[in-house]
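Pasting the structures here.
Same chain, two partners: chain A is paired with chain B first, then with chain C.
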Partner chain A sequence: MDKQVKESLTVSPFFIFFLIHGTQTGVGMLSFQNEIIKNAEQDAWVSVLLVGFSFHLIIWMIYFLLKRSTKGDIFSLHQQLFGNWFGSILNIFLYVYMILITSSVIRSYVETLHVWAFPYIEIWELSLIVLLATTYIVFGGFRVVTGICFWGVVIPSLLLFTLYYLFPYAQWDNLKPYLNHSWNDYFNSSKNIIYMYLGVGFLLIYFPFIKDNVNSKKWAHISQFYTTFIYFILTVTSLVFFSLGQLEHITWPTLNFSKIIYLPFIERFEFVYIFTWLFVILPPCCVALWSGTRILRKTINLKAKYSLWISSSIIYLVVINFKSQIEVETLNRVVSLAGSIFLFCYIPVLFIWLNIYNILFKRKRYKH
Partner chain B sequence: MKLKVKNMVLFFNKHNKKKLTNKSKPIKIVFEQAKKSSDFHQYSPFDDSDRLLISYYKSMVDVEKVNRLLLPSIQKHIGKTTNLDDIKNYIPFDDLHIVKDGSDVQNKLMQGYAMIQLNELYTQFLAVNIENNGLGIRKNNDTENEFTVVGPKVGFIENMDVNIHLLRNKISISDLVIEEVIIGSMSKTKVAIAYLDGITNPQNIQTVRQRLKDIDLDVVFDNSHIDQILSDNSNTIFPTFISTERIDKAVFSLVQGQIAVLSNGSPYVITGPATLMNFFITPEDYYFPWIVGSFFRVIRYFSVIFSIFATPLYVAILTFHYEVIPEVLLGPLINSRANVPFPPVLEVIFMELTIELLREAGARLPTKVGQTLGIVGGIVIGQATVEAALTSNILLIIVALSALASFTTPNYTMSNAIRVLRFPFIVTAALWGGLGIAIGMVFLFGHLLRLKSFGTPYLVPLFPFRRKNFRDSFIRSSFDYTTARSKFLRPLKMRRYTPKRDREDINNE
Partner chain C sequence: MNNQRNIIKIGFMFTITFLILSGCKRINIIDQLQIVTILGFSKEDDKYIGTALYTDYTEQKQGKVHTLQGEASTVELVLDDINSQSEKPINIGKLMLLIVSEDIAKEDMSDILKTICRDPLVGTNLIVAVSEIPPKEILNKIKEEGGGYLPELIEQNFISKNIPISNLHIFLFNYYGKGRDVAVPYLKLNQKGKVEVNEYAVFKREKLGLILNEKEMVLYKILQDKSIGGQVAVNVHKDQFEDVAVLTILSGKIIESVSNPNTLPRISYNITLNGIVRDYPKWLDMRKKENNLLLDRQLEKKFKEDLKHLLLKFQEHNVDPLGIGDFIRAHSEEWNEEQFYETIYPTITFNVDINVVLSKSGIKQ
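Let's look at the complex of A and B:
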């Protein structure tokens, strides 16, 4: 039971669904199509599924690690395995990662806003209000953050129905020929889409805030499956709606295909998409900022209030310093790489190390 | 152990305090103070005043009772009277106390008791309750503020005893418990908590008890005064408890396992813990067939959304995103706005404030004048502003509709909150268009997620998610399905009733 914080602070395991799915979906959903078709081309949906299923393994490892940590989160695991000093250094790395995630999500969203809706409003102004909203939510604590994850899944889900408008225009032949690529191609495309699933990593930090967390695995897997399913649908929709040549040159395919939707009172539906997308990007922003705050608080014993403001200020400084579209893409690439290394290299290494450590440690204990 | 010591210290403090007040208020001083007021009467019904002395505030007692019942019975039996207990036997009143303490005497006098003492020197008093609590208070309330076409039109009035009577009329079991406390250093208002023993969660009851105990006020003007102090978060525009003057609504809350707080002198009863959804329920939803009831309820939710977002959307679209308007709609919009010299936000704020003015003026004026004002304001001013090209026709329609929509909310406090809410949205929409509205929504959700009512989350059953509570939230399901109490109230018994109905369908053939 000590893997859990005070009961009044926890949320029920059911909300893992919203926490994971909410943090996985983000700005990437608007533009991931042109990244994944680079190698696998019309078979890109295979890569989406491959990565999606590989994350079930990651979730399994994360639960394995967390069950064996003393306090149910990665800081305690770090300190347990590497001692206080080296553990703290690892935590700081994690903190930087969290800050980068929030910055990249906010900055990419602001970029979208700037290009599509507000060419005359400055970047610093747009990022400031989005960041302030994020900070306000995080101030409410984990339960409020979870609430926003809930709304951030429910409200944008309404947009899924609008995909219906695209079906009359679908060219199903675009998907042919089926499965004519090498494993290498699938693998290379998969690398480009890992960043769409990174939200799972936050589980390492908020795990103690889940009620009955040891038995909450079910929801994590359901959520991962649902995310894979949504991405699969989006990928297929984009592939049948655009030709490969078009997809290569469109920066925001999701927004582009939303243009086709027409209602008698709304001419350009992509505006609805763009502004509703604030609810899609908030869960990853809030959870990452909350996690960063918690890391800072746990590692250097800072008051939560100050560590939140410090984190927000750092994020703001990072965000306004990336000025052009190309710089933003660089930032995204760095985050994507860091996330891939974190989940696909560091977690398995930690997993193996924990196993070795347990064997060694147990033997030592028997000797004494 | 620590607790015990603390309790003992508290006990002693209380004791000392009482002693102090005793010393400072001898009976002589109490009466001297009272005699300064012209409505205080002290006299003996007999020639020799040594035998018996009656004192009371004439304004607080029922003079009829004194003259018809109290005096005749005393005069008749005075021969046999040797001590106060003898009077107790023949006096035709039931609320009798023997009082010795000076401050008790004072309090009882203020509550409308008559003090009978046998000899001026004796320090014992018989307090007889002959209060006249119905004086100057309306006898019945037709619930005109929360009117429904179907259903009883009996409301609470300013007298708490009558209100409790009305509650007990509907809930005729002894499980309905009423606990009374006195609040207000000057008003000494009787405040009562009502709940169903064995159903309402004891933890919630304890919270209410504790919060009422902690209240320190001079005068309790109304129950809504207590409502605000009891509230978990005072920095919010949303009401955290339901206040109602309808008996059926209060009883429904009690039966669900909520707690009601009544106070003397207020026709409103507050019930809690409440959730956002509770504020959009009217008793009529339950008096109509469930499909009709649900339909009206859904309309109410839509009207709230419309009322909050209609004008901000107008501002956002006309300021930033005119591309969104379809070609066919663009023509009429341009025509009506062609001569308007202001930016959309000023136009909207001007119009919204006009509506607010009309409403406020209508509320302050006497009813008959108010109606005239509505016509003058609504038709004349509206028509004139459009003709003078101060606003567009389309905006006038939107503003009027959203005002109309905001009045569909059954709870007056909630409807006010919704009216206030649209102004921040108009401002953010003017600054950042659609993003501003989305940001406003984020702040709104962030705020609602934090709000609590007696420690219960405000957004139940949406968050925390309670699947079964949806049976009676967005829609009002058939009575066959609303058999359980709401889980978020953590009632001790979940089941309310068991429906039995034989359906003649394929299952029973």
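Let's look at the complex of A and C:
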């Protein structure tokens, strides 16, 4: 069973590291601290670690599913398990999810740009620029998208060095008293953290484009571990740099880190952060748009370039219709809920169903 | 395929050019902006009076410093009023110092802070200060010295001299933080008409609570442990002689600990100060070991007394600029802010252990 597409369209398995890490870090990284301290307060880092480690289980399940699908992606799995017609309906749901993710990331980033950098430029202009850039990248195919994911991981990693300026203000006592919250608090805090790790879901769609994909799971696990590590560092830094009361009042805490940095040639360092963030949001947008295009191509058999333009237009119409900050937050919450259900409910359900299916119909186990 | 690529490229270039050309409000050329470095607020008959100090670096004005004054009922409208008197748009991106007059500080200075903080152009390393007299008088006095004179004066004193470090980030950290109170520099004009930063204003939640004098300010700086430095004058006596010696603190370390955090807390400070004494009375011969020990012991005794006195003063006025409440919160299971300051804070006992390490006092005996 060939789980790969044509050799010339594939990328080496090493790039799974950038694909997963790039799509997991997105615009959520700028303001996740506000949500996670609501229940766990100063123990939020525990929730971050717990959710991060539980994602390893999800990745294992995804690999299990994909190894047993006919063509190595979720469309063939849907067709296998649910038949042609119902499988297509599920694929359309997935398409809507992809559109929502892209819209939510672009709209949140444009909101950040609008508030911090360009208050007089209209939302439709900023979103048009970002969306056109994304479309142009996706036009190049999966290999170009992977390239952007690579740069979207490497270039923003340089920003991690600027955390050095925050150390003189660190109050390590903010983390104490350690672990004085109930499991309920950690659970409620975790619900908001799942949004940060959603990028893993795209693996179900681009899996056939990875060379030697059945043996590539170590890269996925390394990537997940690295993302957990980065989020852990950011969470601890926020808790130590800001007091809890401050975190409740500040929007975009990660950008507020940069406000304390003063260099003689840059007065407001956060512009460096905000504009580098374009590199951070391009990976999830491009991968999601590419996945959406592929879903249309596989399900409705629409040619790639038409499905790309149609998807872009739909995303644009969605993005410009969310006008106020509250509406944007609602969009983010809907996407976060949809993603959590997709990854934490739907994947395990598929997993169980596939096992039952295999046992009931005693299919020959596909050789790895 | 190539044709399509060309069409797309042209389409992108056209879109981008079109977007850049339209709109003049998007362009901020630095020569055409009034960059305000100091902003001062005072209150008169329920109206805020704002004074902005800016430097004009264009060729015509050649670095001349101007002040502008605006009057309105809210902070944003004050900036608007100032803007209406200026030939170039006012921009607070390079705001280095925010002065609030004492009467606003006694009521509630959080309004001003919150409005200024909401502007994304403001950086958190800006210095917030309280002034005894209305800021417009101070700003008019320092016009000849240049736009950056006052903030740099304060900043220079943070590092090596007597003023504890304070900027907007520390202000917000303490203001919003539970179990902490805000403390900022206190400005006033001395008899010669020069600006003096020798005192420190401590707040109680958002109202002005207490003003520390010069000596107490240095002791507070030692306890705060963010940058230990400064100079302290201490009385020394030997036999029948009595005079003043000045300790220059180079560095130090503080270990804070608490015992019994839930019922009757006892806070202990274990302080090590490294310093030199360059100014000591002539009857004290520092080459003799016994004089060194004498000086050392007297310094330690005086410090211990003074520090304890300061801590008791904070307790008496029910202010907590050192974050003792927060420290106890970190070591106790249940902690409620109001309850803590009502019942537990007045009962805390303090213990100060100090060790002054003197290194060789200068190159000449």
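The rule is simple: the second predicted complex is superposed on the first by the 361 of 368 C-alpha atoms of A that agree within 3 Å, B and C clash if a C-alpha of one lies under 4 Å from a C-alpha of the other, contacts with A are read in each partner's own complex, and residues count from 1 in each chain.
What we mean here is this: a residue touches a chain if its C-beta (ideal position, glycine included) is under 8 Å from a C-beta of that chain, and two chains touch if they have at least 3 such contacts.
Not measured: the values here are computed from a predicted model.
Engineer: By the touch definition at the top of the document, which applies to A:160: first (chain B), second (chain C), both, or neither?
Structural biologist: Touch partners of A:160: none, neither chain B nor chain C.
Engineer: After superposition on the shared chain, which partner residues are touched by A:177: those of chain B (first), chain C (second), both, or neither?
Structural biologist: After superposition on chain A, A:177 lies in contact with chain C alone.
Engineer: When the two structures are overlaid on chain A, which partner does A:150 contact: first (chain B), second (chain C), both, or neither?
Structural biologist: first
Engineer: Of the two partner chains, chain B (first) and chain C (second), which one does A:137 touch, if any: first, second, both, or neither?
Structural biologist: So A:137 only meets chain B here.
Engineer: Between chain B (first) and chain C (second), which does A:118 come into contact with in this model arrangement: first, second, both, or neither?
Structural biologist: After superposition on chain A, A:118 lies in contact with both partners, chain B and chain C.
Engineer: Kindly classify A:244 by the partners it touches after superposition: chain B alone (first), chain C alone (second), both, or neither?
Structural biologist: A:244: touches chain C, not chain B.
Engineer: Which holds for A:267: it touches chain B only (first), chain C only (second), both, or neither?
Structural biologist: Both partners.
Engineer: With both complexes overlaid on chain A, does A:129 touch chain B (first), chain C (second), both or neither?
Structural biologist: After superposing on A, A:129 lies in contact with both chain B and chain C.
Engineer: Could you look at A:89 and tell me whether it touches chain B, chain C, both or neither (first, second, both, neither)?
Structural biologist: In the superposition, A:89 contacts neither chain B nor chain C.
Engineer: Both chain B and chain C touch chain A; at which residues?
Structural biologist: In chain A, positions 118, 121, 129, 136, 267-268 sit in both the chain B and chain C interfaces.
Engineer: Quick one: which bits of chain C touch chain A in the complex? Just the residue numbers, please.
Structural biologist: Residues 4, 8, 12, 15-16, 19, 23, 25-26, 93-94, 120-125, 167, 169-170, 172-174, 176-178, 180, 226, 326-327, 329-333 of chain C touch chain A in their complex.
Engineer: Quick one: in the complex, what on chain A touches chain C?
Structural biologist: Result: residues 115-116, 118, 120-121, 125, 128-129, 132, 136, 139, 168-169, 171, 173-174, 176-177, 180, 242-246, 248-249, 256, 259-260, 262, 267-268, 270, 305 of chain A touch chain C.
Engineer: Considering the complex alone, what residue numbers of chain A touch chain B?
Structural biologist: 11-12, 14-15, 113, 117-118, 121, 126, 129-130, 133, 136-137, 140, 143-144, 146-148, 150-151, 264-268, 271, 274-276, 278-279, 282
Engineer: Along chain B, where are the residues that touch chain A in the complex?
Structural biologist: It is residues 320-321, 323-329, 432-439, 441-443, 445-446, 449-450, 459, 462-465 of chain B that touch chain A.
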